[in-house]
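Going by the order they are written in, the chains are A, B, C and D; count residues from 1 in each one.
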Amino acid sequence: MTSGGDSPGMNAAIRAVARASSYYRVECLGFMRGFQGMIENDYIELNARSVRNIINLGGTILKSARSKEFLTEEGRVKAAANLKKANIDAMILIGGDGTFRGGKVFSEEHNIPVIGVPGTIDNDIFGTHYTIGYDTALNTVIDAVDKIRDTASSHNRLFFVEVMGRDAGFIALNSGIGAGAEEILIPEEDLGLDRLLNSLERSRRSGKTSSIVIVSEGDKIGKNVFELAAYVKDNLPYYDAKVTVLGHIQRGGSPTCFDRVLASRLCVKAVELALDGQQDIMVGMMNNEIKSIELVNALKSKPTINKELLRISDILSV
Amino acid sequence: MTSGGDSPGMNAAIRAVARASSYYRVECLGFMRGFQGMIENDYIELNARSVRNIINLGGTILKSARSKEFLTEEGRVKAAANLKKANIDAMILIGGDGTFRGGKVFSEEHNIPVIGVPGTIDNDIFGTHYTIGYDTALNTVIDAVDKIRDTASSHNRLFFVEVMGRDAGFIALNSGIGAGAEEILIPEEDLGLDRLLNSLERSRRSGKTSSIVIVSEGDKIGKNVFELAAYVKDNLPYYDAKVTVLGHIQRGGSPTCFDRVLASRLCVKAVELALDGQQDIMVGMMNNEIKSIELVNALKSKPTINKELLRISDILSV
Amino acid sequence: MTSGGDSPGMNAAIRAVARASSYYRVECLGFMRGFQGMIENDYIELNARSVRNIINLGGTILKSARSKEFLTEEGRVKAAANLKKANIDAMILIGGDGTFRGGKVFSEEHNIPVIGVPGTIDNDIFGTHYTIGYDTALNTVIDAVDKIRDTASSHNRLFFVEVMGRDAGFIALNSGIGAGAEEILIPEEDLGLDRLLNSLERSRRSGKTSSIVIVSEGDKIGKNVFELAAYVKDNLPYYDAKVTVLGHIQRGGSPTCFDRVLASRLCVKAVELALDGQQDIMVGMMNNEIKSIELVNALKSKPTINKELLRISDILSV
Amino acid sequence: MTSGGDSPGMNAAIRAVARASSYYRVECLGFMRGFQGMIENDYIELNARSVRNIINLGGTILKSARSKEFLTEEGRVKAAANLKKANIDAMILIGGDGTFRGGKVFSEEHNIPVIGVPGTIDNDIFGTHYTIGYDTALNTVIDAVDKIRDTASSHNRLFFVEVMGRDAGFIALNSGIGAGAEEILIPEEDLGLDRLLNSLERSRRSGKTSSIVIVSEGDKIGKNVFELAAYVKDNLPYYDAKVTVLGHIQRGGSPTCFDRVLASRLCVKAVELALDGQQDIMVGMMNNEIKSIELVNALKSKPTINKELLRISDILSV
């Protein structure tokens, strides 16, 4: 099952669950549209052949949705009844922490083992260094900024690029370094508008003809990206300020090799742990190794951004 | 010289001018930042080797700018003096109609032959079926929409994607068909908000789970893309509406094969016509052949969108 | 039905046939694996919804195959019986000239109207300036050569890149110009090995540190690309010669905007002509307009390469 | 200095060295063509502005070469004299183990501190989990295989794709999993031809219509990829076997976000360690942290492939 906001590599994950199940000769069902499909008993059988040629596709063949009904006890009772009818022994949930939270409640109420697989572009899951889809989203952002850079080099221009990450600056920070952005605004840090103006002014004086500012949609600066651009232009009038809002482009696209291999490794492990009788855990990749962690621990905290990267960004935008 | 908003393929065009000049053993200078470089006498020598490995690069190595000084007679006098000092016999101007207009005035005042090469992503130049950069911009748009489509398939979602084209719907119309958009809003047609709502409502009833609307930035519907999205969401509440603003991404990127070959053919012809003593013309591709047209005629009118494509779009979004 | 070697844009073509059929309220069946599916009565129903989200996919959802059985009269009799049973009034065949030849024989024998749609990466069909898939294949080639160019710039290196086109040099010639190749070897011209050596020697003396040679797989120089590379290295020993064979990469990939719009326009027209009772014709794009031509005429000749492009290539590799 | 086979991300590395030097207010020179440029005293000054807009470019602006003269004592004496004349206090070498070996000898002979930065697509350097360029090369391979997959799905076809890695199967193994290849042949394992035939036969019987085999150029099976394809076709005659040789495509292309961030982090650290007076070390990323290791230790051994991935590959190609 895939649930929550979709992310590139979810199909590679589905394929790995189906193939590993086939390899270990257990049956595998794919429930459609996350928890909602469980409630509506909407599923497809997944075997080794039914997942062919999907490893490279963005999105998810099982579709994803947020289910309001699953938030109610009645909804979950219906879902449990359907799973029992289908003789489900364990659930593998691919999604973010909202998904895992739902899964944990469900597992406690109905005693169905749950294994979580972190799939979200936001990289904001504790217990894994990388979530499925994050690497692809980073590359989508830098491809976009590279194109802007082509046209940026000739003008006194500021480009503001809004990227995803309502509560976490992972995408902004890493793609900002990768894209060679002059400034990176993330929700974890409120640097203030004055510092931004000073920094852009300094860039201009150091000979830069244009600057690119990556803005996390969750930035705490208190202005949306258009207001921010207008504010800067008001204060630095020799600049022409342009805005790009990437939006859902970041959730799609063919997954990178990194995300495909990550999804494959995590999901083979998830199947093996399920067969081993483990439950209420999440698989993750820590230090290049596939590990598992109690779901309760994964949900207790949030990963923090690497402050070292902020320092790197400052040095490189000199 | 490249001037106006830059477009992918301008470097391929510069390379072709330099290589053809070298082939015909004439000297070639590249003035920086359009007309401004002429005023400031800022140029580089271009020979066959100095343009190597640029055919694939977005942007323009000569940079581009809009020059206010060139709008004044004094500015143009300065520019003409510099050109004469440098023994310039003819100018090849790569840009849009603003560039050609400036070139024509200059040519009349100072008697320096001008050959225009249409380079703009907007495809809005009379006398050529394609402008350099247009094909690349179309592909940039559909790549973005393809990614959105990946994530769109699972939700009751409307995606509004704003593309360039303040006065001309070429980009929106062709990329909209290429991307399989449900609706395409262009400045040439004001279909009204009611028709849009009806059409989206009809799409939903026909079983579509999500719809993509391409909005030309110059659309005359009287609302910006965010207001438009909010309006639709207010009236079609079962939809969730998301916005992407592509912005200057569309001006950058490595040019497509089509744009590189087009730029190469147009600019070899431009050099040959200049050597042949022709002046105040623009080269263009009509019906797969390279032709020339008097600049005065190219500036007199605007190409019109192919109404047939509107019909195709309606049929295909059934 | 899609038949012969597949090409990017075939899915966009299938979608357009299905959507146009739906728009005009006629039924549409998609036969699998070309003529073989007709013989085996293997088809799927295609409606407006069943072709959603395929416009951007390479390959063909109807699959493609070469059918030996269809070359026999018995095979065709079986196919005709199946079509009659399914109440087929007209066939739309997407493929190359082998496909059209088969369709024409079949139409004559069994009196079922046939409309051909040119879909092949080779661009070798008379009656259309562009075939579906050709533009995508060109871009695939230049992307590959761009990557090679990155690494080429630092060494005394020759890179030989073999591209498709057994009988026609369209891919090699256009992608060669687009990629900025120093030499382009095509089946239409046997320039001889001496001329190649001289030209490479001249390139080196003119200051080029590396050269890229595009070789059409059908080149008549009498050596395969590895033998060619070895021969050149034997004769120009200061060069290091490397080989890339692109192979079937060229047949795949997400279609470009050009190919998607072309496929859409051709196939809407094909459906409209079929409804109009026309038969044994092929639709094509000549001078940016969709036209039709008698199949018999399309099959009578072959398009020829644009000699002007050979001249352009010589000028630009100066 | 960049040396050896070039890899995507080398420009991002050069930029980071130059920017970090500028940040810490020390001078930075870039020697051209690796050790050869040191011998010929061919260098450029690198400051914060001279490395702008290169982070996204493949190749290396400093070019790369293999220097025979540097293998001689006289060559190294010349190089040392030039470095001393230019007041070089420390060298940062971006390349593979050949580069580091040369640097170590040089450092011992002439007492100039050396810091190595691992830049190679092969990922075969001990002391770092990732080398600069490896992630990009993996994505280049899977992009190619994805295109082949588009066309593969309809035929009884075997596709053999040769990838780089003369002594190490890292590229083949990871890209093979990422591309969903049926078989992966690497130099570390000689599985024998019989096993390959059996496996392909089993794939066919399990319902696969086509199979993709990734072959490392250094595979020990004793046949080149064309011979291998011919051998398999002889023994499994219902298959049609096609070959793609990716070659130097894998060394080029715009670096991925991962490679750019890696290059940035490694090189900022390299500059800081140089300023700290350290020498004869290599920086690397182990477990997501930037570490350093004695060059002598980095050169003593080779990293080994992750056997776990071979197991994953077997499970997923079921």
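Please note the rule applied: a residue touches a chain if its C-beta (ideal position, glycine included) is under 8 Å from a C-beta of that chain, and two chains touch if they have at least 3 such contacts.
Here is each chain with its UniProt name: A, B, C, D = ATP-dependent 6-phosphofructokinase.
Here the structure is a predicted model, which means the values were calculated and not measured.
**Student:** Can you spot which of B-C, A-B or C-D is a repeat of the A-D interface, where more than half the contact pairs line up?
**Tutor:** B-C
**Student:** Measuring between Cα centroids, what's the chain most distant from chain D?
**Tutor:** Looking at centroid distances, B is the chain farthest away.
**Student:** Which whole number of Å gives the spacing of the CA centres of chain B and chain D?
**Tutor:** Chain centroid spacing, chain B to chain D, equals 38 Å.
**Student:** If you average the CA atoms of chain C and of chain D, how far apart do the two points sit, in angstrom?
**Tutor:** From the centre of chain C to the centre of chain D is 34 Å.
**Student:** Can you compute the centre-to-centre distance for chain B and chain C, using the mean CA position of each chain? Integer Å is fine.
**Tutor:** From the centre of chain B to the centre of chain C is 28 Å.
**Student:** Hunt down the residues of chain A that sit against at least two other chains at once, touch-wise.
**Tutor:** Expected reply: 146, 149, 153.
**Student:** Based on which chains touch which, is the overall arrangement a line, ring, star, complete graph, or other?
**Tutor:** Chain contacts: single closed ring, each chain with exactly two partners.
**Student:** Across the complex, what residues on chain B touch chain A?
**Tutor:** Contacts found on chain B: 5-6, 8, 33, 57-60, 63-65, 140, 144, 146-155, 159, 242-253.
**Student:** Inside the complex, what are the residues of chain C that reach chain B?
**Tutor:** Where chain C meets chain B, its residues are 15-16, 19-20, 22-23, 48-49, 52-53, 55-56, 129, 135, 138-139, 141-142, 146, 149, 153, 174-175, 177-180, 206-208, 254, 256-258, 260-261, 264-265, 268, 287-288, 308-309, 312, 315-318.
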